[in-house]
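Okay, so chain A shows up in both of these, paired with chain B first and chain C after.
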Partner chain A sequence: MTQKVQKTYESVAWKWMRYSGILLIPLAWIHVLIQDVIVGVHAIDIDYVALRWANIGWQAYDFFLLAFTFAHGMNGLRQVLFDFVHGERARKAWSVALFIFWLLVSIIGTIALVKGARPELA
Partner chain B sequence: MLVYLRIFRYNPEAGRNKPTFDTYNIQADPDDRVLDLLEHVKSYVDGSLSYRRSCAHGVCGSDAMRINGQNALACKVLVKDVGREITVEPLLGLPVLKDMIVDMEPFFASYRKVMPFMVNDDIPEDGRERLQSPEERARFDDTTKCILCAACTTSCPSFWADDEYVGPAAIVNAHRFIFDSRDHAGDERLNILNDREGAFGCRTAFNCTSACPREIHVTRAIAEVKQAIVA
Partner chain C sequence: MAAPSNPIRTTAEGYIGYRGREGHYAFLLHRLTGLGTLLFLIIHILDTSTVYFFPSLYEHAIDIYRSTPFMLGEIALVFSVIYHGVNGLRIAAVDLWMEKRWTIKAQQMGVRGTLAISILLWLPAAALMLKSMLEHNFGIVLFGG
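Entry: the complex of A and B
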């Protein structure tokens, strides 16, 4: 009767939500503290962003923020949608659509991060 | 004390095709149970009122219903704890057959899915019984208390949204065997629950834990099953 517990998409996604959720606590809070409290949203302009992204440390920080928050949010949205979408085919279609959306935004965000707001500063 | 009682009524066989509420003013003692009020109505006012009840002492689990919006056993809720205005409705998420009687078959189908029975074909060492230490027994003690009343499953928003989700009660009863040292089919049960319609359908709303009349830590049991799946 003994058999191993298989890895499924849902079990991996569940783990991902936990790990990314833990990482989001420092990532998001430090981001909010710096951008909204210390610097202030009105002081943020293209030059500020360009200077920030000229630093590889902030590039990496924002990359992790993008990777973890967006994937975390998209998977959460998938879970919420599945409360309303019940057919197997419809669920698959929504999952694929969300994945493509996630991939596109992540690629655009990563390109922006890597190339910087002002490439000449890099 | 005078109690204003509203009772959900639905009986398509007798022409009551639309759900309505019947209201009664009943003289009750604060220590009366809500079940006593229903018994009074059925015995002295309207014999057609239907609800399930068996032991009437919180053990059989047959009289789970919504009392003032919260799932509970009518035999365990006292009038003094819910006030002078009491509304009694059937459980949510299962088809209503008549008055407070819901079709429990979807609930029991989910229960059967998780193999709620001991699987062990080995012959015990002494040929008679399978011994277990007090610690091994304590590991799943909480989930042995389930009486299958369906109060947890029918309080779960994930279950309301998705009929295919097995629901808290099925996972609790899987937990009871998964963590039993004498059982040999733990991984098989974990594989059954390793799905969106299994343990991962739970969003930790905690409604189940509040609803359980046996005070089982239902959400914790589900979390332990999830952890066992990904371990």
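Entry: the complex of A and C
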């Protein structure tokens, strides 16, 4: 029997963990396959990053990767914490703190991604 | 329902002591692989950002990743990303499209299946990464060249 779940912030977040997760399977797996398995960390340096981000397609790819993986991961962390934190005010405080952290790291990553690598300064 | 007096202890005891077999192990492994991947992801976003903010630091960061302990960690990370994806797909599929499959019997099979698929996908990747590690860090060429 299916019952209609009332739409709340948490019910939307619950659904989006599943949708973003499905999207992340091709997105993250292709990234891992290329960078970790095929190219390998010994072949990666700042010139490699500069070359990859010179292509707007890969830049866009990495932007989606950054946006979806990190939001999915931080919301997952929030869910894990909610197993341990039960008070409404404490949960709110954690959510705000995690959101600010997510925003800051995302902004740092996006600036680097948009401005690109600077191998001439390395 | 009132919150337990010490939720951290209660939850931790539940994590360890609950005997839910397959479903319980899948839950724990899903969280472990998720949190592990997130920890790496945070470090990875920040170290990659040095290519713009502190370009001279990037080579140092990559050098750390090239060390043997980190390459072994990388192999574990790849397992985490694969397992979290396969198991997450099982959860999403049953949650969104086949609620009737949310039975203990079906999911015990499902959990075993996801672990088997994950290991099968991981082994070739792990072999290639191990080969690269042995070549670069120990000068041992296993196959290919």
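By our rule, the second predicted complex is superposed on the first by the 112 of 122 C-alpha atoms of A that agree within 3 Å, B and C clash if a C-alpha of one lies under 4 Å from a C-alpha of the other, contacts with A are read in each partner's own complex, and residues count from 1 in each chain.
Everything below uses one rule, namely that contacts are C-beta pairs under 8 Å (C-beta built on N, C-alpha and C of every residue); 3 or more make two chains touch, one makes a residue touch a chain.
Since the model is a prediction, treat every value here as computed from it, not as a measurement.
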Open item on the list: Between chain B and chain C, which one contacts more residues of chain A in the superposed model?
Closed with: C
Open item on the list: Output check: A:L23 vs chain B and chain C. Expected answer is one of first, second, both, neither. What do you get?
Closed with: neither
Open item on the list: Quick one: is A:K4 in contact with chain B, with chain C, with both, or with neither? Answer first, second, both or neither.
Closed with: first
- [ ] Answer with first, second, both or neither: which of chain B and chain C does A:H86 touch in the superposed model?
- [x] both
Open item on the list: Between chain B and chain C, whom does A:K115 touch in the aligned arrangement: first, second, both, or neither?
Closed with: second
Task: Partner chain in contact with A:A67 - chain B first, chain C second, else both or neither - done: neither
Open item on the list: After the superposition on A, what does A:I34 contact: first (chain B), second (chain C), both or neither?
Closed with: neither
Open item on the list: Shared contact residues on chain A, chain B side and chain C side combined as an intersection?
Closed with: 2, 15, 83-84, 86
Task: chain A residues within the chain C interface of the complex - done: 2, 15, 18-19, 21-22, 24-25, 28-29, 32-33, 36-38, 40-42, 44-46, 49-50, 66, 69-70, 73-74, 76-77, 80, 83-87, 105-106, 108-109, 111-112, 115-122
Open item on the list: Please output the residues of chain A touching chain B within their complex, sorted ascending.
Closed with: 1-6, 8, 10-11, 13-15, 79, 82-84, 86
Task: Residues on chain B engaged by chain A in the complex (per definition of touch) - done: 119, 121, 158, 161-162, 164, 184-185, 187-188, 190-191, 194-196, 200, 203, 226, 228-231
Task: Of chain C, residues touching chain A in the complex - done: 3-4, 7-8, 11, 31, 34-35, 37-38, 41-42, 45-46, 48-53, 55-56, 58-59, 62, 65-66, 71, 74, 77-78, 81-82, 85, 88-89, 91-92, 95-96, 99, 125, 128-129, 132, 136
